[in-house]
Amino acid sequence: MTGTTTKSTQMIRFLGFVSLLCGVLIVGAHVASQSRIRVNQEEILRESLAQLLPGMTRQVIYIVTPTGELTPAASGESSDKRIFAGFDAGGKFLGVVLEASERGYADVISAMYAYSPASKTITGFSVLEMKETPGLGNKIGSDPEFLANFKALDTTHPVAAVKHGKKTNPWEIDAISGATISSRAVGRMLAASVQEMAPIIARHRDRIERGN
Amino acid sequence: MKETAPNPFINGLWRQNPTFVQILGMCPTLAITNSVQNAIAMGLATAFVLICSNGLIAAIRKHVPKQVRIATYIAIIATAVTVTDYLVKAISISVYKALGPFIPLIVANCLVLERAEGFAAKKPVIPSMMDGAGMGLGFAFGLTCLGTVREVLGAGTFLGIHLFGPNFEPWVLFLLPPGGFISLAIWLLIFASYRERKDRRERARAALLTVQPAEAQS
Amino acid sequence: MSGTTIIEVRTSPHLHGPMTVETIMRHVIYALLPIAAFFSWHFGLSAALLLAVTTAGCVLAEHTACRLSGKRSTVNDYSAAITGLLLGLTLPPGLPLWMAVVGCLVAILPGKLLFGGLGSNVFNPALVGRAFLQAAFPVAVTNYTPGLAANRFVEFIPSTWAVPLMKPAPLNDWLAKVAVDGFTGATPLAMQKFDHIYSELGPLLWGLGPGSLPGCLILLCGAYLVARGMMDWRITASMIAGAAATGGIFHLVNPALYPDPVWVVFTGGLLLGATFMATDPVASPVTPRGMWIYGLLMGVLTVLIRNLGGLPEGVMYAILFGNALSPLIDRLTPPRPYGARKAQVPQ
Amino acid sequence: MNFFGAERFFGPKRLWRGIHVPEHKEQTAHLPIRRLPFPPLLIVPLSQHAGKPAKAIVHEGQEVVRGEPIAEADGLMSVPMHAPATGRVERIAPAPSAKGELTPAIYIRPYPGASQEVLYGAEQNIDQMTPAQVVAAVQATGVVGLGGAAFPTHVKLKVPEGKKIDTVVVNGCECEPYLTTDHRVMVEYPRQVLHGARIAMRAVGADRAVVGVEDNKPDALAALRAANGDRPGILIEAVAAKYPQGAEKMLVKVLLGREIPSGGLPADVGLAVFNVATLAQIGELLPHRQGLIERVVTIAGPAVRKPGNYLIPLGTPLRWALEQAGCTDQAVSVVLGGPMMGAAVGSFDIPLTKGVTGVLVLAKGGANGEAHVFPCIHCAACVNVCPLQLDPSHLGLLARKDRYEEMETVYHLNDCFECGCCSYVCPAHIPLVQYFRVAKQMNRERKARS
Amino acid sequence: MNESLGHIFVDAFLINNFVLCVFLGMCSFLGLSSKVSTAWRMGVSVIFVITVSAILSYGTNLILVAFHAEYLRLITYIVIIAATVQLTEMFIKKKSPELFRELGIYLPLITTNCAVLAVPLFQTARGYNLLQSTVFALAASGGYCMAMVLLALVRERTELSDVPSLARGTALTLVLASILSMAFMGFAGMGGGG
Amino acid sequence: MTEFLIAGGIMGAMGATLAAVLAFADKKLYVYEDPRIDEVEGLLPKANCGACGCAGCRAFAEKAVKGEIAPGKCTVNSPEGVAAVAALLQIDAGTEERRVARLACAGGPHVARHRALYVGLPTCRAAALVNGGAKGCSWGCLGLGDCERVCSFQAIRMSGHSLPVVSESLCTACGDCVEVCPKQLFSLHAVSHRLWVACRNLADGAQAEADCEVACTACGRCAVDAPGGLIQIVNNLAVIDYGRNSLASPVPTQRCPTGAIVWFEKDQGPLRGPEAKRITRQSPLPVRAADLPTQRATSSYEGMHL
C-alpha cells in the first residue's frame, strides 16, 4: 500500500459502506432498547413524583400553553411547562407537582416541588439537576433539616430564604449554613414559580382535581 | 524496535497502564472519579467499548484505505459507544445519570482511538480484543484508585460505606475539579517514588557488579 | 597566620551590597509581627495559638521534607516562617488546628517544595494553602468568631480543639456564653454582599470588625519594608489603585448594591494581600512595567470577583490568578534595553 | 533610602539606574602621585592592548634607552611599545599574563641606578598637522585607553567613513570605588588633560568637548576649571556620583542625553569618548614625540600598608609593586582594576600593563566574604539597577540551565557590559556576572564552530 | 433557554472553563502544554476545529431532527469532526511542515479531544440557536486555549528551577493545573447568585 | 423499517460525501513523505545526540533514506539496529570504527598544584575565565566536572581525584564534552588508538614537573623507544602520530619517568609504565602557600621564577 494513492471512488465506497453499516447498527440498538428505556424513564418520573406526593399511584400531565390554558400531554414527553396532578389508589387528588429552575451557586438548579392548591402551601421539594458544590450547596437536595422547610411552606406571602437559624415566618426557608447562596436560589425559584403557576392552577383547579 | 510484549492483557493492565503510564483518557479519569462506584462503572463501560471497537477494527483492518482510516475507526467507535449508551440507559437510569454526559464522550476518549491506531490496526482480532480488555481494565483500575482517594477524603465513605462515622468533616475539595488533579498527582508521586527507590536499588546492585574504571593505575 | 596566606581568585564584582535573602525575609517577619500581635490581642488565645501552629507547622514541614529528601534544611532562610505567619493571618481564629496543619502541609509541600523550594514556586505558597483549605473546608474557613470577646485571654474557642478529621462542635453555646450582641459570624464583606449591611468604616481602619485586620497598621508595616528597600511599593500601590478605581465605577453605577472605594480598600484581605502577598517577589513579575500591570490586574480582578462572583472575598483568587499570569506579564513587558530602538517582546 | 526616586529631579545631572557603592576613595584621594623605583627586571608584553600584538624590533642582548621603541605596531589595530627603562633586553619569551595564558614579552633588565629621566623623543608642532597626521602621531605614542579597556586611542580618533563627530566627551568620572588615578591626574595635570582634549577635538573635527566629573571630586573640578579659565570649547560638568557613571554609554546619556545604539559606537551618535588619563598622556607625550612608558596606578585596599597613587613603569611585575606598597597578612586576594570590574589574579609574576588602573589588595572577611548562594527570589533588585535596562534575573535563570542562545537572542546578553551592579545588589548572592561571562564565551565558541 | 450571548461566553470561557472546571480536553492539556509556542498553536487549531465543527453539527442536527433520527447525533458529529480534523491536518502539513512536526501525534488526536465533541453535544442539549452555538463554541475553545497557554507559561517557568526528580513531569503539571483550577474557582458563581 | 432506511440513507450519504471531500483534499493538499523515514526513525535509538552529525534522529532518518548517510554512522545504535536499518533500506550498513573521548590530562589535585584558591561558580567554564583557573599548570584539568554534567550518556564520572574518567562502553562520541571543556582536553579517537599522552603541558620540563608530578617533561624516552616517527617531541610535549597507529604498542610507556604516556587496555583504563613515579598520595596537595609579599622586603624578590 505504501506510496500509492488509493482510488477516490474506492474511498467513497468504503466509507459510505462502513457508515451505512454503523447507522444500521445504531438504529438496531435504538429500536431494541427503546421500549425498555421508556419504561425506565416513566419509572423514574413516577418515583420522584411519589416521593413528593406520598401515596400517589397515578399521574395526569398537563402542558401549560402560552395563553395559560391546559392541554393534556402524552406521558413521558418533555415540553416547556408541565403540571403533574397526582392521585392515590382510590383516585383521591393529592396535589400537583411543578417544575422550576433558577441559577444557583455554580449553575442552574432545576427542581420539582409539590403544591397543594387547597392550602396554598408547598408540601415537598426535590432537586432534579444541579451542579452545586458537593457537600455544601448540594445539600439542598439531601439535607433533612433543609427539606423539613417544605412540609408546609406558606406561599400566600412571597417565599424567601433567610440565614440559618433565622427563620421566623411560615413563608421563610431556613437556609443551609455555608450554602446560603444555593438556599436563596431555591427560595427565588419557588417564589417565581408559585407566582406564575398559582393563578393558572387556581383557574383550572376543578379540572385538575378531576383529573381529565 | 517494538518491545515484544509478552501478553497484551497484562501490558495494558500494568506496564502500559493508560492512566498512570500513558496519561491517556484523562477527561473521564478526572471528571468521573468522585465516587468509586462511578469510577468502576465508567471504567467498565470504557472497557466494553474498547473490546468491541478493537475487535471490529482488527477485523476490517486490511480493507481500510489509508486516507479515511481515522474517519472509519471513529465511526466504528462511535457505533460501539452509542450502543453502550443505550445499553446503560436500558439497564439503569441511575447509573446513566451519574455518568452523565461522559458516556457519549467515550467516543472522544483518546485512549480508544489510540488503541485502534496503535494496536488493532496492526494486529489480528483476538490479541486486539485482549489488548482492549487489558487497557480497559487498566483504565478501570486507574479510575478506581483515583475514585478511592476522592471518595474517602471527599465524603468519608468508600462505595457509600461510612468509614469515619457521621462526624467526619468531608474535604469538599476532593470532589471538586482541583481535587481530581491533586489525587492523580498523589498517585503519580507514589508510583514515581516507588520507581525511584527500585531504580536506586538496581543501580546500587549494578555498581557492585561493575569494576571501578581504573584511573591512571601505577 | 604565619604568612602562608592562600590567595583566592574570584570574579568581579569583588564587593557586595548589604542585602541578603535571609535579611530580607527576617525583616518581613519583623514587619508581620505587629500585625500578628494585633490579631492575637483582638481574638485572644485561639488566634495566638493558630499563628504559632501555622508558623511552626510550615517551618517543621519544610525542615522535615528537606531532611527526608537528604538535603540541607532550608528553614534558616525564614521564608517558611513567613508563609506560616501569613497563612495564619488569613484564617479565622477559631479554625480547628488540625485543619491549620493541613493548610501548612499543602502550602509547603505541593505549594513550594515540589517546585524546587525557595524561589521556584509559581504560586504564593501561603495562598495555595489557604485556597486548599477554603475549597476543602469552606464552612470552617469562612466561620469568623467575634473579636474582643471578654474571655478571649482565658479560654480557647472550642472549635480550635476539634478532633482531627472530624467536624468541630457547633459554636452556638459558646457564642451565647460570650454573649456578643448581634453577632452574625459573617465578615463585613459577607454582610455587605449578602445582606447589604454596611459596617462602619472607622473600626475597619483599625481592624475592629470580625475577620478584618487593621488597614492602617498593615500599611505602616509595609511602609517599613519599602523604606528599607526590601519590598516593591509599585505592586501594592497599583493593586490598591486598581481595586479602588474598579470599586468606584461599580459604586457610581449602583451605590446601593456596591460599596464605595474606601470601603472596598479597607475591607477583607485586600490590604494584607496587596501589601504582603501580592508582593511576594517569587511569584510576581520582575519588570517595572510588569509590576504595575500585575498590581492593577489583581486589584480589578479582586473587585470583579467580589461584586459579580458568588464569593464575598476575591483577593486570594485574584492573587493566585495574577501569579499564574506573571510569567506572561514578564514576557510581554521586557524593559527596553539601553540603545535598543524598541523593546522586543520575546516569542 | 531611595524612596520615590524624588532626588532625581534635584541637583546635578545623574544616572537613573546604577548603584551607590561605598567609595573608599579617602584612602588615596589626597595622596599625590609618587614614582616607584625600577624593579630588577621589567616584563613588557607585546600585547597590552585590545587588538593585534606589537612586533618586537629588538633582539636579545640589545641595549635599550628609556623611551626608545622596542616593538612596532602591527597594522592599524595595534600600537608600538617603548622601553620603560634604560637597560638590556634579557630575552624575548612567553610570560604569564592576567588572563592566565602565556603571552610573548620582552624582558628588560634595567641598569642599576638608571635614570628615570626620559632621554628619547623630539619636539613636534601639532598645530600644523592634519587630522590624519595627528592620528598617526598618537599611534606612535603607543597610547591606548587608560580607562581600563586599553583600546588603541588612535583608532577612536579616526572618524569612521560617513560619520561626523561634533563633541568629544572626556570621562573623568572614575566611578569605581578605591581608584583615584584619574582624580589625581585631574588635580595634578589639568593642563595636560585639557591639551589632550584639544588635540582630540582637532583630530576628530569636533568643536566642543565636555568633561564629566563626578561631584565627589570637587578639587579635580576646581583644578580643571582653573586650568581652563574662560576659554570656550571645553565645558566642565559635574555629575552626581553613582556607579557606573564612568561607562561611556552612561556618561553620554547623562551629559548629552544621547544613547549609543546597541552594538554601536559613540561615533554613531556623533561622539568620541576618552578617559582623562588617556588625554593627559596624549597632551604630555605628543608634543615631544615620546612613547607611553609609565602610568598612574592606584594601589589601595584594606590590606595595603602604604596605599597611594604610583607612577609605575609599564612592565613592572605585580610582585614588585606590592612589595613596595606592602601588604598586611590580612590580604586574601589581589585585584587588577577596580573592585567592581577588576580581575583577581592568582599569580604575582604578571607585569602591570597599560590597561591597569589600580591594584587592590582585599582583606579577609570584607564585603567579599564567603556567602551562601540562595536561589533567585525574583526580587527584581537587579532589574531595577541594571544601567542597560536588561533583565539580569531571567538571564541568570537561563544561564543556570545552560540556555545560552536564548540569553543572547531574547534577553540581549551581548549588551551587558559586566558592570557588576546586578551581582552587587543581588540578595541571593548569585554570581550573575560570572554566569554572563561564561554564557558570552560559550556563544562566541558556538558561533566560531558553525 | 434564552441565555444572553455575553452570559454564554463568560460561562463557557471562565466560570465553567472546559479544561479547568469541566475536565474536557485533558489529554492534550496535560500533554501539549510544555511549551508556550506549541500550546498556543494547538489552542488556535482547536478553536478553528471546534468552531467549524460546531457550525457543521448545527446544520447536521437540523437534518437529523427533520428525519427524526436524533439517535445518529453522536456518530454524525464525531465523523464530521474527524473529517474536519483530517482536513486541518492536511492543510497544516502542506502549509507549515514544522508546525506539523511540532504538533506531531496530537493533531489526529484533536479528533479525540473530548472538548471538540462536547461542544456540539452541549449546544444541542441546551438548544442553542446558530448564533448562540457559535459564541459557545468560540468561548469554550477560547477557554481551552487560554488554559493551555496559562499552564504552558507556568510550566515553562518551572523549567528554570530545580524541580525534584520525583515530581518532574506529569505530577508537577497536575499540581499546577490543580492550583490553576483553584484560582478559577474564584469565578464560580459569577454568573448569578448573591 | 423506515428508521433503518433513513439511518442507512443518512449515514451512507454522509460517509460518501465526507470521503469525497477527503479524497478531493487529498489530491490537492497531498505532501509526499517517504514512509520509510518514519520506519527508520522507529529503529533509531532516539538519543538525539548528534554524534552522527545530524540535527537529531529524525534528520538522520531523512538523510539515511535519501542515501546521504550510512546507517552505521549512528554510533549509538546497537549492531542489530544498524543492520535492521540497512536491511530496511536495502543498503550497506557502512560501519565506522567506534570512537571514544580521551582526556589529555592526568593531573588531579593530588599530583598537580594549585596556585590559588578559586572561589565562585563551581564550573570549569567559570573557573577558566578567572585568571585561567587557579591551577598551576595552565593547560590542565580544572576538575569541576563540566564534562561529567554535559555528557547525556553518563559516560563520564569524576574520579576521587576530580579527574573525569570516560567509560569506553558508554561513550557514544557525541562530542559534547569536547565542546564544553574550557581547556580543550578531550578529543575523539578511534578505540584502537590505545597509546595516549595524558598531558598538554607545554612548559619546559622543570617548570612542568614543578606544577604537576605526572606532567610530560619532554624527556624524549618514549620517542626513542617508539618505532619510526610514531612519537615526536613538539613544543615540550610528546605527540603521537596516529597515522602510524599500526605501529603502536605499550612499549613506549615502559620508561616514561612520570607516567604521562599511557596505554589504554580495554576496560582497564589507562596503564602506566613500570618506571613511572609511584603516586601513593591520596589527599590533595596544599594550595601553594602564596608568596604574597606581606612584608616590604625587596630582597625576597629573587624568589621570582622566570
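Residue numbering begins at 1 within each chain, and the chains themselves are lettered A, B, C, D, E and F in the order written.
Throughout what follows, contacts are C-beta pairs under 8 Å (C-beta built on N, C-alpha and C of every residue); 3 or more make two chains touch, one makes a residue touch a chain.
Small disclaimer: the values here were computed from a predicted structure and weren't measured.
The fewest steps needed to get from subunit D to subunit F, moving only between touching chains, is 1.
If you compare B-F with C-F, the chain pair joined by more contacting C-beta pairs is B-F.
Ranking all chains by how far their C-alpha centres lie from the centre of subunit A, first place goes to D. Ranked by distance of CA centroids from subunit E, the top chain is D.
Separation between the centroids of subunit D and subunit E, computed from CA atoms only, is 60 Å.
Centroids built from CA atoms put subunit F at 74 Å from subunit A. Note: centroid distance subunit B to subunit D, computed from Cα atoms, is 67 Å.
Subunit C and subunit D have centres, each the mean of its CA atoms, that are 49 Å apart. Multi-chain contact residues, meaning those touching two or more other chains, occur in subunit A at positions 5, 11, 14-15, 18-19, 22-23, 26-27, 30, 105-106, 133, 136, 181. Among all residues of subunit B, those that touch two or more other chains are 67-68, 71, 75, 78-79, 82, 172, 176, 178-179, 182, 185. Among all residues of subunit D, those that touch two or more other chains are 329, 331, 334, 343-346, 375, 431, 434, 437.
Interface note: chains touch in the pairs A-B, A-C, A-E, A-F, B-C, B-E, B-F, C-D, C-E, C-F, D-E, D-F, E-F. On the subunit A side of its complex with subunit B, the touching residues are 1, 5-6, 10-11, 14-15, 18-19, 22, 25-26, 29-30, 32-33, 36-37, 40-41, 43-44, 133-136. Partner subunit A is touched in their complex by these residues of subunit F: 3-4, 7-8, 10-16, 18-20, 22-24, 26-27, 30, 35. By the touch criterion given at the top, residues 3-11 of subunit C touch subunit F in their complex. On subunit B, the positions that touch subunit C within their shared complex are 164-165, 167-169, 171-174, 176, 178-179, 182, 185.
Taken in their complex, subunit C has these residues touching subunit D: 1, 3, 5-17, 19-24, 77, 116-120, 226-229, 232, 281-288, 291, 330, 334-341, 344, 346-347.
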